[in-house]
Each structure stands twice: as structure tokens, then as C-alpha cells.
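Structure, as C-alpha cells:
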Amino acid sequence: MLRAVIRAWRYVSGKPGREETRVDELREQLDPDHTVLWIDAEAPDDSDALHALKAELGMGANVVDAILNPRERTKLMRYGDYFHVAVHDCECSRGVVNSREIDIVTGPGWLLTVRHPADDGSPVDLDEVARRFELQRVEHRDTEHGFLLWAIFDVLVDGYFDVTDMVDDRLDEIEERVFPDPPTDRSTPNVPREIFAVRSDLTTVRRAAAPLREVVNAIIRREIEFVDDEAVVHFHDVYDRVLRVGDLVEAQRDLLNGLLEANLAVTSNQLNQVMKKMTSWGAILIVATLIAGIYGMNFRHMPELRWQYGYALALGLMGITTFVLWRYFKKKNWL
Amino acid sequence: MLRAVIRAWRYVSGKPGREETRVDELREQLDPDHTVLWIDAEAPDDSDALHALKAELGMGANVVDAILNPRERTKLMRYGDYFHVAVHDCECSRGVVNSREIDIVTGPGWLLTVRHPADDGSPVDLDEVARRFELQRVEHRDTEHGFLLWAIFDVLVDGYFDVTDMVDDRLDEIEERVFPDPPTDRSTPNVPREIFAVRSDLTTVRRAAAPLREVVNAIIRREIEFVDDEAVVHFHDVYDRVLRVGDLVEAQRDLLNGLLEANLAVTSNQLNQVMKKMTSWGAILIVATLIAGIYGMNFRHMPELRWQYGYALALGLMGITTFVLWRYFKKKNWL
Amino acid sequence: MLRAVIRAWRYVSGKPGREETRVDELREQLDPDHTVLWIDAEAPDDSDALHALKAELGMGANVVDAILNPRERTKLMRYGDYFHVAVHDCECSRGVVNSREIDIVTGPGWLLTVRHPADDGSPVDLDEVARRFELQRVEHRDTEHGFLLWAIFDVLVDGYFDVTDMVDDRLDEIEERVFPDPPTDRSTPNVPREIFAVRSDLTTVRRAAAPLREVVNAIIRREIEFVDDEAVVHFHDVYDRVLRVGDLVEAQRDLLNGLLEANLAVTSNQLNQVMKKMTSWGAILIVATLIAGIYGMNFRHMPELRWQYGYALALGLMGITTFVLWRYFKKKNWL
Amino acid sequence: MLRAVIRAWRYVSGKPGREETRVDELREQLDPDHTVLWIDAEAPDDSDALHALKAELGMGANVVDAILNPRERTKLMRYGDYFHVAVHDCECSRGVVNSREIDIVTGPGWLLTVRHPADDGSPVDLDEVARRFELQRVEHRDTEHGFLLWAIFDVLVDGYFDVTDMVDDRLDEIEERVFPDPPTDRSTPNVPREIFAVRSDLTTVRRAAAPLREVVNAIIRREIEFVDDEAVVHFHDVYDRVLRVGDLVEAQRDLLNGLLEANLAVTSNQLNQVMKKMTSWGAILIVATLIAGIYGMNFRHMPELRWQYGYALALGLMGITTFVLWRYFKKKNWL
Amino acid sequence: MLRAVIRAWRYVSGKPGREETRVDELREQLDPDHTVLWIDAEAPDDSDALHALKAELGMGANVVDAILNPRERTKLMRYGDYFHVAVHDCECSRGVVNSREIDIVTGPGWLLTVRHPADDGSPVDLDEVARRFELQRVEHRDTEHGFLLWAIFDVLVDGYFDVTDMVDDRLDEIEERVFPDPPTDRSTPNVPREIFAVRSDLTTVRRAAAPLREVVNAIIRREIEFVDDEAVVHFHDVYDRVLRVGDLVEAQRDLLNGLLEANLAVTSNQLNQVMKKMTSWGAILIVATLIAGIYGMNFRHMPELRWQYGYALALGLMGITTFVLWRYFKKKNWL
């Protein structure tokens, strides 16, 4: 069990940057009108720390239970005057796409992010989230609560697009291997494995992105009442991009299926070609062997055997049949 | 025909545990405001016992008929002031997934579970149900009728997750066999059988879980009026988990299809490889045989036959052609 | 053209059984409050008889036209104060599933069943329908109009379940042939044909059962006003079972697809295995033939030919290469 | 550009038949209460003639544009007080299914049919339409405007059924070729081509019939106000038959897919069988050749060579190995 | 970064043609009642120019951001009193289908088109748009704002049809290659590649056209209030054609899948045929070789070897077995 790392920051109305604050004095600092408190908990297997937060922020036991169980569905749920949002990021590290859960709990004036790190690091780059949020604060000149939520979603969706970009590159690569230029009869033993891997990645993105649509839609419908109009406009953009990720993933799956079927057809064609080649060469060589066999017979009365140039003629006969058959198969496109 | 095993317990308001009670005095003990009566019938092929219960609990003949017919759909149906809920569990025993029916009939103050045992044991661990229900009773300090229903559903859904976890393991195992590391040309004769088995298991889970969503949804909409708000909050969680099972099963089916197609492609590639190898070695050996055949011809005038080192030269010629062809096919990646 | 066989029965309120009655005196016997008239017409290609009925029962020309055209969709249609219900049964005779149309026309106090016999007999066992109807009459102590309609539907749906049971057996049989125990390399030439036949049967059941749902639903919504509450409760059960047939058929189709794909994969694996075996034995035998060829060469100076045990050595060499290669291929799992 | 052939007929209330009338005096003859004017234009590439009609009938430019562009979707569109209905027929001529557009414009008292002929003739048999319309006029004793529209639809849908009947025959024929009785190892080179052709035909029917449902539904909902109740009853029947065509096409597609997959499986099985046969005969013949090769070796000391019956024994050895191997492979079902 | 090329034109009420106008005096010229200003920006990577426009036309920063990000979904979005429409064209250049984004921003009296050129040129032929718009202006005798939007959509949809026409031609071509007339055993190595390419093209068209339906539907529902009734009638036609493109693409995908499966089946059949031919010729030649091998044996007592015509008889025997086997295989349809 990892110890939870919990940090907190405070954004005060009128001040541009954030200041770090103590985790055990959150209650005193809560001030929905002028302050946004942002608490981040990493690796909250340590339930004690989380239960302390629970008391500070006035969360119920249900929410803490839900957070401690990191196998949840993407969803938005209201608990009295605060909300629990469970989302999943997607990140591509060393060729493998990972999806990790992030729980967001937000009430008037505060927002808690709980990140479940896996072997491959923690989800969502918080500095990038802070950067985008602060950019918006400068523009809108106010402590904007909903914009912090938006910044998290925005970074999240960027991660999905990184994955689809990566998939685009891999699809191009697979396409080049399935249809090499110039065409070769080299077999492509790794293509099925790669197609399967990309397919798994796309399934991961889809499972993360598809239910997010409903969550963003709920925010646009103003189910979270302290996300105001200006932030909702930004969420419209997030909604659009989530839809676009879905479209992209579908189109990529379609291409992938096309490549899989094409690969099968190409392999099938190659097999046909190999079999024809085999038949042709087999026939040519067996005919020559047959001629050799005929003159290897021990009949007493075989006039050719006594001819001066019988041997040369036999070799010539072999050469000629070989050439004629080779031409014949070449013309039939079997060689 | 098995004899039905019918037992009953009573939970009284204010008392923590349950006490076993007689099945033939249920009517006197019915007291919806202070008591929850829980009756469990196992293997109710014996309709007499069930009809006795019918009289005690005031159930109609339709319900008893429905219970005695163990091939029903998952559903929730109202009969006057009591309800019939038919659900299906899923359990994995010795590598095979079984789904068995459980009928729940519940009225004000009482709940009857009817379990249809199969060769592979009875569905739903009642002790676990009791444990979860009693935990909730301690927390909510009251005789909570709806929580007993919830406890059954909760244990049920846990069973689905056990199956999907098992399927996850088997998918990993199949993936390792389809794409061995390092790649081998060993054929995978059992993969189709395993994929088919996992597919059947997923179909079983899906058939059990998919219609459960509607049932849970009906409970959330408060169709069963004596399941109160606090219990409904817990059913929300069950609903979420049922959705998650559905998502998981879909994703696993998707992976499975991917593996099936990949396996076909891998087999196809291997066949190609085998055919190429075969063609190559066939060609090499036939050329050598041809040379042997040529010098086995009986022409009188074959100068090589009289050379001192003719034999060695012939062997050398065979060796060289073999080597040259071997290099050639190696370079073309056929060997 | 077959002559229509038309018979009629009368159920009178208070009397338990049915009495046969004359077809040409129906009008006088119509008495919706105390009597249910049941007329059955078999093979009504003979439109005269049907037009006589039309006059007796006050049906319109449209209905008779619809009945005489036996290629209709399953549906429920109102014509003034009577109704036309077209349904399709499913029956399994000699391994083949047949679906035949039954037209039901029902007005206040009368019900006409029109059955279109095919080569394989007439649809729906009327005695079984009568038996179930009379059982209900005894229980409900009244001339119950809607229960007659219900009895027909009940027998119909039982027929669907007979087919799915039969399909279950055949699926088990196909599964055993695709995955024989112990595994053999015996090919399964008849499996595609059987899978295709089962698939056709499932399509037949689905086409019969799927639109029935809407019809039963319409009856439950009380579109036929003289089917009363008590009968509707029974139709709820029919509805549930129609849904279950649909679920079963879908699950069986799924299994069937799995078997088809598994069969293809198994065949593909077998081909791979056969090719490897072929390559291996080919190589072994050609190597031996090559050795024989070498010592069949006619060089003057081949020292081995003069050795005392040259012949034995050559045979030994063949034996050893054969054994070595056999071991090699065995180890590579090619033999 | 073909010249348009435009003809017109007039049905007067109370008179049974139709009388041909002049195209350039339509306006004077318009009399919605007592007359139905039916104008038919074939091959209206000649826009002049159509524009003349436009003036006579008071149609707008949009409609004429739509008619002159013969690549439209099946639809029903209102333009002021008249309607434009675009439908597509299906006809099977010389084994190929053709779909051609028919535009119908209808206002109070008049109906214009515009038919776009293709190389394969003109769509819809007008005489048959007239026959059915006049039959209805006799029955309903009035100039019935909606019945003319109905007659066109009725003939149209009959055409769809002709195609599905034809497809039924071809499916039977393909099934017999895929599963010949008795089974042969004859390959079925034309089956893929035929399956593809039938598939294209089904796509054609579906594209014509699927959107027709919406159009008929709109008429049933009384969107065209001068199609009265009596005609709507007939359109109910058309609606039902359009649904049935859709069901049939789906079922046939399903069968076709089943045949395609079965054909692939059968081909795969045959290949397996061929490969086994090949391996078996190859092995048998090579063993015999090996024996011949052994006794063709030139060792000085080969005792068998000197035996009196050595030759006969060698031949016998060949015969025996051949027989033994033949029995062995026969038993393994490889031959 | 390319410099943006921004041009502007003005249509004044009552004047037929357009006049070019300065980009930096747009504000003065805005006059929704009598003028339509059309501004076109190509390659707007240069945000400065666009921000100048923003000030002139009173657009918000969001819109400009959206325009500068050229990876958007097809959509229609309202911003205060103006609208942002993002659409995608499709064009076929050198056998490859390209889809490029066009952003349209339109407010009262002005319309801005922003085109994102790719390597393959700029989307949408503006001259054609102008031509169609001006034709409508002549007909409707007024400065019609919505018609300009319509003209863009009309040209766009024409582009989709160009692509589907091109796909039709390629499908015919592929069909001819899959089913050559007369049938040959020539393999079709490029068919998989071509099918994959056409499939990708269809995916591109579908992704461009599918979401356009919603946008056009929104315009028909009058969400853009300054597109008046007359223009909406034209948009109905666009809507219909967008639907038709979707239908066409679906039908073409269906045909494509059919061709893919047919190609696989044809390849499979050819392989079968090749294997049979191979087996047959192999058997024939090995039998002849065996005969030669038999008479090459060195037995002392082989009477045939001493016969006068032994050699001729051996050759004759070879010829006869070859002919007999050839006839046999021919009859079995293996050759």
C-alpha cells in the first residue's frame, strides 16, 4: 500500500497565481465567493488520509468508498451539494495505451482530484491543468470555479487525441507492411499481432471516451450549478472534441478491419502464388528426372545408348523440355 | 424429485442478529413495521411445501406456478401488494460458467428466496447475503426491508465480476498462445476450442446481466414502494456495476473476436511459411536427385563416367547446387 | 385445390365441455353473453365455404381476401367490431422446421381459426388448445372468451420452445463433431451443411416469433376489448415467453456463429498439420531416394561399390538418415 | 435525348372505363369532383413537353426540375396543393434486377406519372395499373382518386415480390450446388459469382423498398388529404406488404450469408481432403520408387540381384508396401 | 506558415453581379437590408489578418480560435447573433479522395468563408458558388442572404456525388477483375489493395457527409433566422441529396464487402483447383518415373530386359499409364 500524497492549493479572487496551503486547515479556508481550493490526492490507498479530508470538506462516507474502489464507470453523481465525477485518462507510454481512473469531487469553492497511479505513472499532468486554468483566470478576471473542472477535462481529451494520433501513425505503418511498395512475396508474420494490439488500444480509448460524452452533456445541461455560463461555453468545445474522438476511433476501427481483411486476402493470394510456383518447378524437374530415369533403364536393346552423341542428346532433351515448360508456365503467369 | 429445504429467519427491529423461526408459523409473525421475515426455499420441486408457504404468505397461484417453472426470464412483476423478481446468478466452477435461476418474492415485511440448484450446487451464498444485510442494519439502526433485497443483488453482481475476472485471465492466456514469445511455428490446435468456450461463458454472463439492468432500474424508480430512499441509494451503486459488467463483457467479446481473427491470420501465415519451406527443400532435393539420375544413365559414351574423379565431382556438384539453392531461398526468406 | 374442412363447437356458460354444432346455423347460436362459438377451417382454398361463413359471422370481404392469401405477416388488425390475427406456428418434423400460417378472426362471442396445411401436416394441435381452454374454464367458472385466444397462443409458443430445444440438442451434437474428444484429424465434411440447416431453422423461428411480440403486446394493452383482465394476466405470461424465445434464438445464433468460426479455425489448423506432415515425410523419402540414386550412378571409379558391405552400408545410411530426420521433425512437432 | 411520349386519359364519375384525351386541353377538363385525369409521360428528357404540362396543371418549376433529374430518393413532398411522390420499381429481366425511377405528381383531380425508361424497358405496366384501378371503381361506384395512386403502388410492390420469388429460386439452386447430393469433391467455381449477383439484387430491392415504407405511412397518416378513408384501408395492405418485402429480403440476406460462409467452409474442407489424398498417394508412390532405386544401385555385392526370383520379389515388395500403405491411409480416412 | 489570402465581394440589392471590395472597410459597408458581404479567407494560418476581420465583423475570440484550429467536427453553432458552420468537402484528385475543412461564419448581411488548403489544393470552387448564387438572385430578384449559404452547400454535395460516381466506376472495374470473363485462373494480387483503397475513400465521404445531415436539418428548422423560407425550400433539396449520398455510400460499402468476400472465395477455389492439378500431374509423372525406375534395377534375371522390343514396350507402358491417368483425372475434373 502506497502512502497517499495529498497537496492543496488556493486561488484567491483577484490574485493571478496559486499558493500552496495546508491540507489540515481546509475548512477554515473554504470561501466559495472568493476562493477556489484545489486538493490533489495521489495513490489514496491509505484511507486514513482520505477520511481526514472527508471531515474537512464535509463529504459523505459513500463518496470515500467510491473513491477507494478504483474500478468504477465514468459517471457524474450528485451527493447533496457536492458532486462526484469519475473519469478515465488515456496515455501512450512505450507503445502501450494505459487508461487510469481519476476521481473528481467538487463542491462550492473546492475541488478534489484523486488520481490512481499505476505501474506506468500517474494520470493527468497537473501542471498543464494549472497552466490552462490560470490562463482562463487571467482572461476572465475572476476566480472561476468551473474553469478548473474544464481544464482537467481539456487535458484529458488532449490525451485521447494523442492516442488517436499514435494510432494513425501505426495504421500507416501497418498499411505499408500489408501493401509493400514494390509488392513482395515476403510474408508478414507480425501484422496480425500488431493489428490486435492497435485494436486493443482503440477499445481502451473508446471505453474511456464514450461514457465521457454523457458526463460532459450533463455539465452543459447545468446539472452542476456552480459551473457558470462562461465555463459551459468551453465545455461545449470539450463535448465537440469528445464526439470527434468517437468518430475518429470508429473510422480507425473501420480502417483496421479493412487492413485485417486485406492482410488475409494478401496472404491467401501469396499462398496461391507459392502453390503455382511449386507445381511448376516440381513438374519441370520431375520431367527431367523422368528422362534421366528412362536412359537409366537396363534394356539390352536401347539404340540411343549406343549413339555417339546419345548423352549429349539426352542432356539437350532435358534442357529443351525444361525451357519449353518454363516458357509455358511463365506465359500462364504461374512463375 | 428433490425435497424442498425450507428455512426461515426473523429480523426484529432493534436487535442486531437474526433468529431462525418455524416455517409453519409465518403468518403470526408477520409484522411489517418491526420485523423482516426471510424465508429461503431450496430445490422447490416439491410443490406441496411451496403451496403451504403460499397460504402462509398470502401469495397467489400464478406466482407459485411461475416459481415452479425454472426457465424464466429475468424480470420484476407486481402481483397485488407483493412482487416477484426472477434473477440469474453466474458462477464459475471448475472452468465452466453456470447460470442458475433465483426467484425472489417479497411483500410488506417478508421476503422469500427460491433457489433452483443444479448439478453444480445452489446459487447465491446466503451467509454472505446475511452478512452484508446485517452490516447495513448496524449502520442504519433499523429493520431495513429493502437492504435485504439489495444484499442479494450485491452478492449476485459480485458473482458476475468473478466471471469477468476469470475471463480476463483466460484471455491473457489465449493471447500468449496465439502470439507466443518468441514466435514459433508451433500450431495452436486448442485455441479455437478455448475461444469458443470463453465466448459461451460471455454469452451466459450477458444473458444473466443484461435484463437485470431493467429490474434494478425499476427498483430505483421506486416501483417496489417498500424499498425506501436509503436503500435506493445503494441500488444506484448496483445499477452502475451492472452497467459496468455489460461494458466489460462487450470489451471482452471485442478482444475475443480480435484474438479469433488474429489466430486465423497467424495460422494462414504459418501455412504460407510451411508451403514455402516445403517448396524450397523439395526443389533442392529434386535437383540433387536429377544429377544422380543423369549419371545413372546407361549411355555408352559419357566421358565423365570414366574420369578418375567423376564420382567426387558429381557429389561436389550436388553439394554446390544444394548450397547455392539453399542460399538463394534463404535470401528470399523462404527458408 | 383441397376442400375446406370446417367444423364448429359451442361452449355454453355453466357447462364444462364443448358440443359440436352445425356450421350453417351459426348466426342463430351467436350469444356473446353466454356462449363462445369456435369455428375451425382447415385448408380454406375453397373460397365458397369461407364466403358462407362470412355471411354467417358478418365478416367483410377484406378479411376473407386476407385469409385466402396465405402469405401474410404476423399482425393484429381491427375490422369494425371484430379482429383479424395472423400468426405463424413452428414445428419440427423429421429434422426440418416448418412454419405455417394460422389466421384467427374473432368477434364478440365467436372465434374462427383458419389453418393452412402444408405437405407436413396442419398447424396447431386443436385438442391441446381445447384441453387448456377447458382447464381454465373450470378454474374461472365462466365462459371465458379471451382464454380461448390465449390457449391458441400458449400452444403456439410451446411449439417455438420445442424447436429451440431441438436446436439445443443439435448444437451440442455439432459441438462434439467440431471438437471431438479425443481430438482427431478426421475432417468434418458435414458440419457446414448442418450449421447452415440449423441457421435456417433459427431464421424460421425468429421470423415467426419476433412480430408476435407486438401482437401480444397489443392484446395486453387491451386493444381487443373482449379479452378481459383475467385473460390479460395470462397473456403477460405469453409475452414473457415470447421474449424468452427471442433471447434464446439470439443466444443460439451466437453459439452457432462461434461454432462456424471455430470449425473454420479447426479446419485451418488441420490443413497446417497435414502440410507439415506431408513436408516431413516427403523430405525423409526423397533423401533416401537420393542416396539410392547416388549409388545408382555409373561412374567407373566409385570405391564404395566394390566394398564387401557397401550395400549394407547404403541401406544403413538410408535407415539412419530416415531415423534422424524423423526424430528432428518429431521434435519440431511436425509429425 | 429521347422525345417524351405523353398521353392522357380521363375517368368520369359514373362511367366505367377511361377515355383518352388531348394533352393540351387538360386545364379545361380539370374537375376534381367528377373527373380523374391521368397523364403519363415516358422518357421526359424533353423538358419542353414537360414545361407545357407544368402550365396546364399549375405545377411549379421546382417540381419539373426534380422530375427531370432522375436520380432522386424515394420520398413524398408537398408543394402547395399538390404532391410529388418519387418511387422506384424493381423488375427482373434476363436474370438481372433493374430499378427505375417513377415520379408521380398528383393534385386535386389529376395524377401525372413520369417514367424514366432505361435500356431494359420502361417501369410499371400501365395497363395492369388501369385494370386494378377500374376493378376498384366498379366495386366502389365512384371516381376514386386515391385508388389510382394505390393501384400504382400495388403493381410496384408486386414487382418486388417477383424479385424475391426469383431470389428464392436462385437460393435453392445455389444451396444445391454448395451441398450437392450425393456430396462430391467437385469444386464450385461459380458459386461466389452467383452469391455476389444475388446479393447485389437484394441490395437493389432493399434500396427501392425500404424508403417506400415511410411514403406509404405518410399516406396512411392522411398527409395527402384527397386520398380518402376507403383508399387508406387499401394502403394499409400495401404497407403490410412493404414490411413483408423488407422481412423477406432480410431473411434472404441471412440465408445468403449462411451459404457464403458454408461455401467457404466446404471449400476449406475439400482442400484439406485434397491435401490428404495427395500426401497419401505421394507417400505410396515414393516408397515404390525408393525400392526401385535401391535395386538400381550398382554395388558389386548385392545378393538379391543374383537370386532367380529377385525381380519378382522386388515387384512383390512394391505391391505389398503399396497395398499396406493404401490400407493404412484408407483406415485413417485420408483416401 | 502561409500568408492568408483574404478577398471580399459585395452584392447590392437590385444589382445583378458582385463587386470586389476592400477588406479593411467592411464595417462601413455592412447593411443587412440591402447588401450581402462575402469575405473569403484562404490559408488563414496567419492569425493577424483573421483578427483584423474579427474586429471588422464583430466576431468573438472563440470563433477565431475555432477557425484557426482546422481539425473540427462538422457542426453548426450559434454565437450571439452570428453563426459558425464547419463543413468538410470531398474531392477526388489523382485517384485519391481528400477531405478538407471549410469554416463558414455568417451574421446579418455578411458571410465569411475560411478555406484550409492542403497539398492537394483548396476546397470548394468559389466561382461555381458565385455562379449558382447569382443565378438564384436573378430568379428571386432580391439580395438573398441564405442563397449564398445554399450555393456553398450545393457545390459541396455535388463534390460528394463526384466521389460516389468515381467509386461506382472503380467497383465495376474491381468486379471485372474478381470475375473475369471468361474465367481465368490468373491470380488477382492487387484486388485487396484496391478494395482497401475504395473502402478508405468511402469512409472519408461518410465522415464528411453524415454529420452534414444534422447541420442542414438545423437550417431547415430555421435555427439560422436570416435564412428565409425560399432558401429553406432549396435546403430541403440539399437535405434529400445528403441522405441520398448516405444511402449510396452504404450500398457501395455493401457491394464492396460482397466483392471482398467473393474475392476470398474465388482465391480459395483457385487454390483448390491448383492443388488438384498439382496432385494429378505429380501422380502421373511419378508413375512414369516408377516404371523407369523398375527397369533400371540391376537384377540379373529380368526377362523383359532381354526382349527385342522391351524398351519400346516400356516407353509404351509409360505412355499408356500417362494417358489413362490423364483421362481419369480429366473425368474427375481435377485437370
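Residue numbering begins at 1 within each chain, and the chains themselves are lettered A, B, C, D and E in the order written.
Everything below uses one rule, namely that a contact is a pair of C-beta atoms (placed from the backbone, for glycine too) under 8 Å apart; a residue touches a chain by one contact, two chains touch by 3 or more.
Only a predicted model underlies this, so the values are computations on that prediction, with no experimental measurement involved.
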When the CA atoms of chain A are placed over those of chain D, what is the turn angle between 0 and 180 degrees, to the nearest 5?
145
Same or different for chain A and chain E, when you check if over half of the residue numbers at their contact belong to both copies?
different
If you average the CA atoms of chain B and of chain D, how far apart do the two points sit, in angstrom?
42
Please tell me the distance, in whole Å, between the geometric centres of chain D and chain E computed from their C-alpha atoms.
26
Chain E: positions in contact with at least two other chains
264, 268, 271, 275, 278, 282, 286, 289, 293, 296-298, 302
Show which residues of chain A lie in contact with chain B when the two form their complex.
62, 66, 71-73, 75, 77, 185-189, 191-193, 195-196, 199-200, 203, 207, 260, 263-264, 267-268, 270-271, 274-275, 277-278, 281-282, 285-286, 288-289, 292-293, 295-298, 302, 304-311, 314-315, 318
Show me the residue ranges of chain C that touch chain B in the complex, using the header's touch definition.
175, 179, 183, 233, 236-237, 240, 243-244, 247, 251, 254-255, 258-259, 261-262, 264-266, 268-269, 271-273, 275-276, 278-279, 282-283, 286-287, 289-290, 293-294, 296-302, 332-333
